[in-house]
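Here come two complexes built around subunit A, the first alongside subunit B, the second alongside subunit C.
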Partner chain A sequence: MKNDKPTAKVESGKKIDRVFRTVTRRKVLSGGIAATAVLAAPAFLHKTAKAATGPIKIGLPTVVTGGYAELGSHVIRTSKLVESMVNGSGGILGRQIEFVVADTQGNPAAAVRKTQELVERHGCHLITGVVVSSEARAIMPKLKEWDTLFVSHGNGDGRLTTPQFLVPNFFRANVSAPMGARALALYLKDDPAKEYIAIGSDYAWGQSSVKAFDEQISILGKKLVDKVMTPVGNKDYATYITKVMRSGAKGCYVALQGDEARAFYTQATQYGLAEKMPLYTEIVSQSNIKALGKSAAGLVGGSRYAYTQDTPQNKAFVQAFTKAHPGQLPDWTDGEIYQALAVLFAGMKKANSAEPDALVEALEDLEVTSIKGAIKIRKCDHQGMNPGIVVKVVDGPNGAVPEIVKIYSREVATPDCGKTTFS
Partner chain B sequence: MDFLGFLITQCLNALSQASVLLFLACGLTLIFGIMRIINFAHGAIFMLGAYVGHTIVVLTGQFWLALIAAPLVVAGIGALFEMFLLSRLYARRDGGAYLMITFGLAIVLSEAVRLIWGAQPKGIDLPEVLTGVVFLLDQPFPIYRLFLIGLGVSASIALWQFLERTRTGLLIRAVSQNPEMVHALGTDIRIVRTGVFALGCGLAAFGGILATPLFGAYLAMGNNVVVDAFVIVIIGGMGSFLGSVIGSIMVGFVQVFGAYYFPSMALSLLYLLMLTVLIVRPGGLLGKEE
Partner chain C sequence: MRARGLFILVIAAAAAAGFGMPHLLPGYLVNILTEALIFGLFAMSLDLMIGYTRLESFGHAAAYGLGAYASALLLLSFDIPMLIVIPMAAIITGVVAMPIAWVCTRSTGISFAMLTLAFAQLFYASVYQFKDFSGGSDGIAGIARRAGPFGIDFFQTKIGYFYLVLIILILSFLFCRSLVASPFGQVLAGIRENEVKTRTLGYNTRAYRMVIVVLAYAFGGLAGALYAPLAGFASPELFFWRMSGMVLIMVIIGGRGTLVGPILGGAVFLFLEHELSALPMVRELWPLIFGSIFIAVILFAPQGLWGLFRSWREKRRIGVVSKPQSDAPHAAS
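Then we have the complex of A and B:
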């Protein structure tokens, strides 16, 4: 493949177009071999554009509008922060980095279309920042065709790193749904309660999270009395809260995100659900803590990232973040996109290249010291081995704080290779 | 006893859901009934009400003031839109033009809200009186939802009386039946149209601010709710006020009990209800066939 690279350097899309057109016209006139040359042209020009020495372009096909817009806004704000930090200190491989944002609205079909635009129109052959698992699933089969690398920062569906969906150009730097559920289940081992109920958003991530929690607690000899799956975009949780309260369970596992989570917690607080049974969740997020207000205290959950984690890298990140966004604290998406980008950059340094093919090789078995400690990107299933963090929300003088109560080692917290289960 | 308590809680859940939807649906049906315009911007106006209300709460700390002022502000914006843009299209008598301009308004409003308030969702703290729960046969029920039901019932009665008993109400109904005749009899129907459009927007904004303590103000908040409102208007009959009230209650009950007993069919039940009504009464429950 590498030998195909032409010597001429073509930089902008416009120029490519022009070259392409003139070549075509001339060849068509000369006839004969023209047909083959024209057919071959797009692929070969496409390679050239990527090899340019300009800034390294990273596409963010994320949610700008729609139900998950808040998560998308976190992706964008921390990417911008990373952009200024990296470019301010000389860039990567001597090149500046540049993020290009596209709005997928959380819709898989739109995600494919927007990512294709990022690849073909903007020349982004590296993407991250995809918010919804079903979007990631829609994009993944196209990666090879687009010659593009996709590093997940937040896609939780456990199956993405199983043979069912995994493709060579996909890596997951983040904690998946089964991993979040695993950390929590390990923690619940000591809980005297035997019966739980789960409420989850009825799509890929929510189902995956609830299923993993179910499997994990059944190993501990506990059980789920009911699974309440709620439609995506649901707003009024009154009837579901009533169902949870009547279930007789001694704890409620919540697998909801973004606007849904906030609506659920706000309404659950109004019904006094937390006084009736403890709430557990796969991901404790800052915005949920905010929504819960005083009643956030006591919420226990897995945490993909907690800003309270005590590592030098994290302290530096939190400091930079609060300087850029006074009065705000990084949420889990901020931490995970920061880590995903750190993984990507470490890969670039290892490969001494920003080419997808070279990066795939470099990312396999890559060791990175990230804000969450030592992370390893496994070669066998492209899953990032992350520590399993469990936090408990405690009331502090400046509002509720997610205090880390337990960190499980990355070996215990990551599922078996290519699986969603743990041995 | 336990089951009775459960039943009461669920009925109240349904009524409180219906209350929020009611304000949205009433606005929609009023605008359609009088002006023959399907207002595609209704969801965005609902959202605008929530954001304006949130700002008033932040600035003054007064939830009650926001409840009154936010709908007035949004009604004012609605009136301006009607006077300066929508009214220019009446002469065309073209449904497509209304569709395009209200759809455009929806996009403009959504983007304006993003520019002004940003992507971060906003919450509202309720005043002390409205927080907490009451126990109904040992089942806790939030006071705020009881407040919503009370508002829904009183607003329905007030609007109904306004349309049936007052002279302005009579004029509005007359315009919906025969605008040319009302005009010929010496009433400026432009004012009636502006007023009705403003009223419809104000009602949607009122629904928006009432919904904020339940699920916060955020950019997509109008999206699904407005679909429910359209379903209500279709069930109740396009342009029928009482139909919307009945439709809201039906949708509230179907959503609450459907989601409880048939969770996997929760969404489709709503449309099954709509289909059934359309098959039995194609014009909606209280609507006229056209």
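Then we have the complex of A and C:
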């Protein structure tokens, strides 16, 4: 028994010794080097400073994967085209421009995360190309914290430029949902039909679009017999189309985009919906026309941008586009991102700066001659005053063509300041 | 002992790095790290059901969404500090989970999984139906991190919020670890291995299953409650089946039945998704690569990343034990 205690001590000492023998001088040194590396990390990990020299970086937090990926792909292709055009002609303010793309997946949470990365990792204090309105809504409250300017190219939710959501660093160069609905409703004034039905995607833009159309046609003494709001990302419209066909309405207003629109128009063709009642839509896009095939002829809708518009700026754009993308035609997203960038660059030239603070001041009440004609960015609500374009799809020698049938002046087509309604 | 010493050193280094990291990183990485910890907590809550009781849930997004919406509505509607709102939201989620647990535990296996999915989709559809309350597809935006109580405002900052999430994760982990190691946890293990035998031994296995479902929902709700003030909004996607699928993948990648594995899985999932989608050369193909990595993990590390680490540690331990034996002749000489 006498020897028990010392033996235990020896055993315990051996164990401790074994543990500490593993912590050799080499390991301590390598650990020290690693710790030093971690401590030194801020030098290259910390926030990218806004450089007044070097390229002007513009972030594109857009949809690369997901249901709206087609719209995102249009944003990217035209931005890259603009990049080569601008840099080829000497850049802006003597600096080259550079676009940095991030995939938001159409998800507001990812949009915030990715935009923050564009700002803090890549130094993009100017952003555009956000596809979905709910993503824009999630990003907007963070703009001040990030010291970043956001120029919308396609976010349609009317409320984004109302006091409810507007922030100083947000501008909308594009046509909003109420504006698209307004132009179409004005066009339908002489339509003998009195009753319509609306089908729209059940999120910010779709709701805003259907609501505005409802308000506008009620002013004309017409009415919506029903509003069919479909879930975001829906692929099967069979039951909804049946409901539309049985509604007794004389026309159907469609507020769907991306994959949803493609699925709807494809199934509408199968069910012969276009033969039963005329289809009207807030945005006539090339992909809608393609999905409808021969049934596309006769489709009437608002158009945020139509490649057939007869302005010198648009002709030059279409020429550059078709040269860069043979066999393709610019869709509305291409036109709107092109215009948003034109507005941004005009602001830079006016401010002689690419700093967000200077740009906010320069963009207010800015007049730009764009591919759609004369555009004014209102100071009161940062909404771009755009003309209201209505197109009708007609058969052409090389397929269906969106022919412009009416252009309403920007004063008529733009809602009252800070509102979604028109006086 | 050597391996254990190394393990303790690794854990201590990770904890120290965790506490020091936000001061070294740019803001966006602090946010990603915070979200990774929240995902870790969310995945760990599901592990209580999957890993310890073999209750495969396909609708755990319900817990996350409920926690996030409860937290968002409480912060926006009442003048209650965030530090009180977060546990309140977790409790609310637990209370809502009680009838869900009662219904779902009437079945087992695939029926249980489908019932949990049905409840999650029910909440998802309800968000669209009760627009005045939930904001519909727009969700709820402008959620502020309300200061207090006693004027505490440290957790309102980006770094402060990271620490809050880290502390809550550590406390939750310690609680869950104690729970699964307790006699209660042993009964859960019995249910997982052979429910009929456990019932024969006199245990009311359904009651145990109900309790663990409620607890898993409460911790999932806690994760959701932490997410809403971080993102500043809550949207219907939080209830969507995709979210349930994501958390399931996190648990499988990390290693089920380990608690720490799913935390690791949550972090790996988020960083992989984030970094892959940022690679310009893969662009829209990143989900394909992500899926391939997931398949590889299933095939080559069926016990998950933590299981892989543990088997590596075990091999090293065996190596340490066998090494002195091989050295023995030299020692003798």
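The criterion applied here is as follows: the second predicted complex is superposed on the first by the 373 of 423 C-alpha atoms of A that agree within 3 Å, B and C clash if a C-alpha of one lies under 4 Å from a C-alpha of the other, contacts with A are read in each partner's own complex, and residues count from 1 in each chain.
As a convention for this text, a residue touches a chain if its C-beta (ideal position, glycine included) is under 8 Å from a C-beta of that chain, and two chains touch if they have at least 3 such contacts.
Given the structure is predicted, the values throughout are model-derived calculations rather than measurements.
By the document's definition of touching, of the two partners only subunit C reaches A:V119; subunit B does not. In the superposition on chain A, contact is made by A:A138 with subunit C only, not with subunit B.
In the superposition on chain A, A:P178 contacts neither subunit B nor subunit C. In the overlay built on the shared chain, the residue A:A69 is in contact with subunit B and with subunit C.
Legend: residue contacts after superposition of the two complexes on their common chain; A:P415 is shown touching neither subunit B nor subunit C.
With both structures placed on the common chain, the touch criterion links A:P231 to subunit B and to subunit C. Of the two partner chains placed by the overlay, only subunit C lies in contact with A:P108; subunit B stays clear of it. In the superposition on chain A, A:A204 makes contact with subunit C only, not with subunit B. In the superposition on chain A, A:T266 makes contact with subunit B only, not with subunit C. In the three-chain superposition model, subunit A touches both subunit B and subunit C at residues 64-65, 69, 231. Residues 1-2, 5-6, 9, 17, 20, 24-29, 31-32, 35, 128, 136-139, 141-142, 231-233, 235, 237, 274, 277-278, 280, 283-284, 286-287 of subunit C are the ones that touch subunit A when the two sit in their complex.
Those residues of subunit A that touch subunit B in the shared complex are 64-67, 69-70, 72-73, 228-231, 233-236, 238-240, 242-243, 245-246, 259, 262-263, 266-267, 270-272, 287, 290-291, 293. Interface residues of subunit A, counted against subunit C in their complex, comprise 15, 18-19, 22-23, 38-39, 41-42, 45-47, 64-65, 69, 101-103, 105, 107-109, 112-114, 116-117, 119-121, 134, 137-138, 141-142, 202-204, 207, 231-232. Taken together, the subunit B residues at the contact with subunit A in this complex read 6, 9-10, 13-14, 16-17, 20, 110, 114, 118-121, 123, 125, 131, 133, 139-142, 144-145, 211, 213-216, 218-221, 223-225, 255-257, 259-260, 263-264, 266-267.
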